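What follows is a pair of complexes built around chain A, which joins chain B in one and chain C in the other.
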Partner chain A sequence: MGCSPSKKVVRAKNATKRLRAVVRIQTWYRRYRANLEARRRCTWSIFQSLEYAGEQDQLKLHNFFNNMLDSLVSDGNSPAPLIRAFNVNKRASIYDTQSMRDSGGEMLQNLLEGMEVEPSYKGPHLTFPLTMNQLHKIVQSFRRKLTLHAKYTIQLLLEVRRILKTQGNIRYASTSLSKQVTVCGDIHGKLSDLYTIFHKNGLPSVNNPYIFNGDFVDRGQFSTEVVIVLFSCFVMNPNEVYLNRGNHEDHVMNLRYGFVKELQMKYKQHSRKVIHMFKDVFSWLPLATVVDDQIIVCHGGISDTTNLKTLAKIDRHRYMSTLQPPGECEDISTMDTQDLIEWKQVLDLLWSDPKPIDGCQPNTFRGGGSYFGPDITTSFLQQNKFKLLIRSHECKPEGFEYTHNGQVLTVFSASNYYEMGSNLGAFVRIQGAELECRVVQYMSTHSPTHRKVSFTQRINTVEKSAIQDLKEKILASKHKLLSEFKKCDLDNSGSISSSDWCCALETVLEIELPWRTLKSKIAKCDNNGDVQYETTFDELEVRHRYSGNGPSITETLYRHRENLETIFRLIDTDHSGFISMQEFEDALMLLIKQVDIRINERDIRDIAYSLDINKDGSIDFNEFLEAFRIVDNFGKDHTKRVSRDHSIDSAHVPSIASELDEKE
Partner chain B sequence: MAEQLGSGLDIEDVREVFDLFDFWDGRDGLIGAEKVGDLLRCLGLNPTLALVKKMGGTDKPGEKQFSFEEFLPIVKSLLKVDDIGTFAEFCEAFKSFDREGMGYITAGEMNYMLTSMGERLTDQETDAIMQDTDTSPDLDGNLKYEDFIKKVMKGHEWKK
Partner chain C sequence: MAGTEEKDNADSLVADIHKKITEAFDLFDHESNKTVDVREVGTIIRSLGCVPSEAELHDMLHEIEEEEPTGYIRFEKFSIMMTKVLIERRYKPTPDDQILRAFQVLDTEGKGYLTVEELTKYMTEEGEAFNQEELEEMLSAAVNPDKGNIQYKDYVSEMSQEDT
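After this line comes the complex of A and B, so read on.
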């Protein structure tokens, strides 16, 4: 008889039940992960769209400058300094490129005149040629939050400049000696990430060459320190350290995205000279590096017209900012064809992004450079007999990404770029005869007691931060949005359909986002899915410490504060942080002419007057910009603070100083 | 009023999720078939891997693409059969390991179950489940599986 058939059947039935149940759990988990991943990508889209919306303004800014220059010039009453302030590339002619070339930098040496190091200075005293021991001292002093004295900074920059002038627009690296080379992407002032890279991969040396692919500065809090460490490594190993220019090694970008402000704060009365040196040195950075004639490394990408022969012949020094026509050009319409062609070559190399669709289109998202498709990459690589394009410029969640069937590798080295936990950083080691690429990822830790956070918790934190950023942007356009909402609210019920709400947001804010999905995180909805649109603003409003001018004007100024800040910094030619009341009024008037806002002259004068606290005729515009607040009905401050790179303070940061000890 | 499809979903919701994935995929109106499973999951559906394959999903990118019009019928047909399961049904998975019938299994058995049977997960994925549901074994290495299932059923809905 043995095992009765019914027992077998029961056993089989149980096994099936169990299997089905296990699959249910696995299915649940897959759904849970898919939703988490979607939230993560959604959050990512928010950060990236907000970032690029700002940069798109930036390149609209280049049209903006041209228009402003036009209106200033045609106005006839505008002071010449103001006009000169707006043409960044033209200012180069004040320090004549011809005479600089001939005198080997002697004119710039004059910057050092009268600059003595006070006895109270506690940082390192540099002598050239720079040694490893001095780099050690520099790093130690940075850990103690000291700034390298302006005199030594300028001397370092002069030395960097001297060497860069001997290097071509395109550099050629070989792995014949070292058998490998490491490529790093955007660093954006994240000093802890630079230290992490050196800790994991060693310092640059003859046997350990590096290519740094641009965007060393802006956005992060330690741009100065990052670029000084990089430049120090460069002067010690000029043939093993390759520095490619990024779109942020650019004076106009630095005015807007924080580097100039940081220099101003750290160098104080010497900042004008330091800022001028950086502006000059950045324009001398090479544009691309080729490894073993097989791999090309450049910051942005390419376009269908990218031509290395043309690029090699350009006088790259004419571009203090790639956002403006080079050198002596007054106005785009009078530019000669050759200049236009060359300018486009440079813009494309530094600003382009790869896209999955074939073809080449102007990069409207960014406002400069091109979108290039897989076919463009294939033909470019074939034409030049390359096998790979390595570029940076775009933040990636994993710190790197292959696209175009493995022909393009994006590498981004600033971890936690948008927010703690938002993304990993990465670098690429190219090694062996086959030039194999091995990617190494990392994330800077937040504090010594950093505990392992679950994936969900990390997503929650980053999402919250993104939504907060988005809400700020929404708040800045409250009046416009409310009027759009009200147009759709025909029965005055306070609610409008989802589609109407989404449409209004997309139209007014001009950013593409999955609004329907984000709806519930931003506003309250009725049971039937309609949106109670006033809750979009959550009872928050923008206020300014000195405003008596009414919410509408405050909101308008807040919305355009980045443009305003850029204009202020341009006008502030001595980089003191102060401009005259008249200049402040001029700046606001200029903004009004370019952008569609209504503020009358009387209000502007009132604002200027209220800001001139000392009644000495000058305005601290940094204070003006920092005085914006987001408050609720009870006056509680909800302003989001800029996230600081706290990891520098952490004892857990790999000690580069000890790394240096080992090498000595 | 947008066309209602069932389970509180309307056609605009489907379009939204489709557009979301398309947004990340080049905005060309097409989504790779390897994403079909995740698309459905983001709509709140619970298809098994087998069912996704049956509906036209693939494992690797580059094989097939779906337009919105091709994707919508898949959603409609799956809505009819979708079912996350009941508390009792989830418990079935654990019962055979629960020799003493006290409601406990070991963490190792849980891991084994999920990584070697059915539509297998990886070790990392089972670790993540434990971490994200805040489930940890007691001093004897045992897990109270009912608590775990309750957390699963409470769900981490992303639209909420």
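After this line comes the complex of A and C, so read on.
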């Protein structure tokens, strides 16, 4: 009999209805996802712009001081000791590294003088040669939040130094024995990521060689632990662990980006010697590694002048900081050509970034180095008969990225670099006769019981963090911005057009961001889209706990706090954390010369006076820097807290420990 | 005068729309050369508040693709098309109550929820099918962890709260 026609019609109608409903839901969902994706990219561009703006600031500061070195002698008014403090490469170290004896010498004894280990010390007592068992103890003691005693740290560093001195500027790795090699990128003090890598890929050994491509320290909270673990692995396997220098294995960078501060906190009265040792050891790190004469691995990249023969011959130890001309140079303008050429070679290797456009230009956003295009890569690889360049230096959402038609591979190993959930970390396994590259990705979580977070929640968290960072930067220029806004508010209504608002922000902050898209997340808008500009600041303002100075000066100091920090640490040559009032005033004067801010000498003296809390003529600049607060009208504190990094409690510690047990 | 004021408003509206389009486009312009991968155009359009179906999207792409498809879409063509779309307010999003009703249509037994199997079947076998990734992501947020099914009323209202 079959269906009656009316039944068929009803069925058809229902089918159509259902189809329409399905398509509606699918379209609706796709729209939601697209929104998430756009927000994710927007968030990413906020973090990157802020990061690179900071680096640009750093570059400006250093260009400024490099220029001032020239006028050191000629200008009788310049605070000469201050300027001299800035020439890091030239500063007399606590020992003469060139004539330093490596073992049993007087110098060694002096170094370790006064560093007896107290009976109350609960950490491991290292003896050399280092064994797996001792690495095990080191890892366990880190878990208990103990610091490796300064004596053992320095002994470890001396051993590292001894070995590094025997290695060339460019190291040559072969996979003939192990049949594979693993390359890791930036770690930046993220101990949990290092543990994750060892958990997934095994500890370094004769059969499991590793290349660590720089940037072990700064930014993260466990730089000390990361570098100690890496150096321990290195001294146990000096021929299977390859350590490339990154742009953060550099004293000047460490002053600004946290490593020196961390060392001061963890080593206290012994920190000066430890800091000096790190400074020295970093300058001995090789600059690149070549695998099987086919793959070159270096931290930043190359330029159109990169020449491996030249690189092999330079004395890399002359660069305590790659941001400054090498050791003995008095004056940049009289630097000889050969020195300039060599300096550029080193800078390019450690600071360059690949760009999609052909050609080679100076890298204006970083501290130096170049932007190199696909054509530069092609000719470099051809010239040297390489097939691939592996580099790091740039954070990527997926932890890695191929570019230049697969000729360049960026690998970045610090997951959650900007914020929990912001990006994956990755490492590369190069294996087989064909040297195939296999990328492994991961993201560190706080603990094994961490609840799986949905994609949406992750985007929300990361976005919130980025907007907070951005708002902080906006707040730091509140006065300038308000005056720009008011200029556009001709009828004094409290609202200005969208484009005027976006324009003001871009001009004052000097960062390129999709302001129109971000507008609703930063300020309140009228129904017609105009911006109520005062709401940009959420009724917040910057205050300083100790300084009684006016809001405008406080804001100015806050805005330049990173530069101030760099300057303070440079002046503080004995790394005590204190500088004299005079030095503090000199530092501010220098800053004023460099940037366009109006603080007169009277104000500076007032600031210095108010910060001399103990009235003993010296200023604890760590306290000064940490005393900035963001408060609302009611005095409530809205300062963003640095999220606690629980790396040390990483879930993988037990498994690494057991792997170490197995190897004994 | 009214005439010029209107024109000014119209001009500034267009300028505003143009800037919006530029910002959205730039977010996906990885090589900074005013082109985007054709596979991301859908995302860009949707992030601008337009909700074409896959079929409608296909038509839009056809309009702006190069004669020799290169896999890339250039900004100029995209911008012209998108400006028209935004001014004419085409492809407006479906209001939430209609989405709710769509779920109810699929809930043939009127249970008040959908099982994972049911939703999976609809989304991957009918209409403009989801791929595996899209399905997994939808399920990860839509499935009620206690009940193990999709309480669609809650789901729709959650989504509408999150979507700014």
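We adopt the following convention: the second predicted complex is superposed on the first by the 595 of 664 C-alpha atoms of A that agree within 3 Å, B and C clash if a C-alpha of one lies under 4 Å from a C-alpha of the other, contacts with A are read in each partner's own complex, and residues count from 1 in each chain.
What we mean here is this: contacts are C-beta pairs under 8 Å (C-beta built on N, C-alpha and C of every residue); 3 or more make two chains touch, one makes a residue touch a chain.
As the structure is a computational prediction, the values presented were derived from the model and not from experiment.
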For A:30, select first, second, both or neither according to whether it touches chain B, chain C, the two together, or no partner. both
Touched partner set for A:455, first chain B, second chain C, both or neither: both
Touched partner set for A:21, first chain B, second chain C, both or neither: both
Could you say whether A:379 touches chain B, chain C, both of them, or neither, answering first, second, both or neither? neither
Quick one: classify A:357 as touching chain B (first), chain C (second), both or neither. both
By the touch definition at the top of the document, which applies to A:207: first (chain B), second (chain C), both, or neither? neither
Residue by residue on chain A, keep only those touching chain B in one complex and chain C in the other, then list them. 17-35, 37-38, 41-42, 45, 356-357, 454-456, 498-499, 514, 516-517, 520
Looking at the complex, which residues from chain A come into contact with chain B? 14, 17-39, 41-42, 45, 355-357, 454-456, 498-499, 512, 514, 516-517, 520
Would you pull the chain A residues touching chain C in the complex into a rising list? 17-35, 37-38, 41-42, 45, 356-357, 454-456, 460, 497-499, 502, 514-517, 520, 529
Using the touch definition up top, name the residues of chain B that touch chain A in the complex. 12-13, 16-17, 19-20, 23-26, 28, 37-38, 41-42, 44-49, 84-85, 89-96, 113-114, 117-121, 125, 128-129, 131-132, 152, 155-160
In the complex, the residues of chain C that touch chain A are 12, 15-16, 19-20, 23-24, 26-28, 30-33, 42-47, 51-54, 93-94, 98-99, 101-103, 105-106, 122-123, 126-130, 134, 137-138, 140-141, 159, 162-164
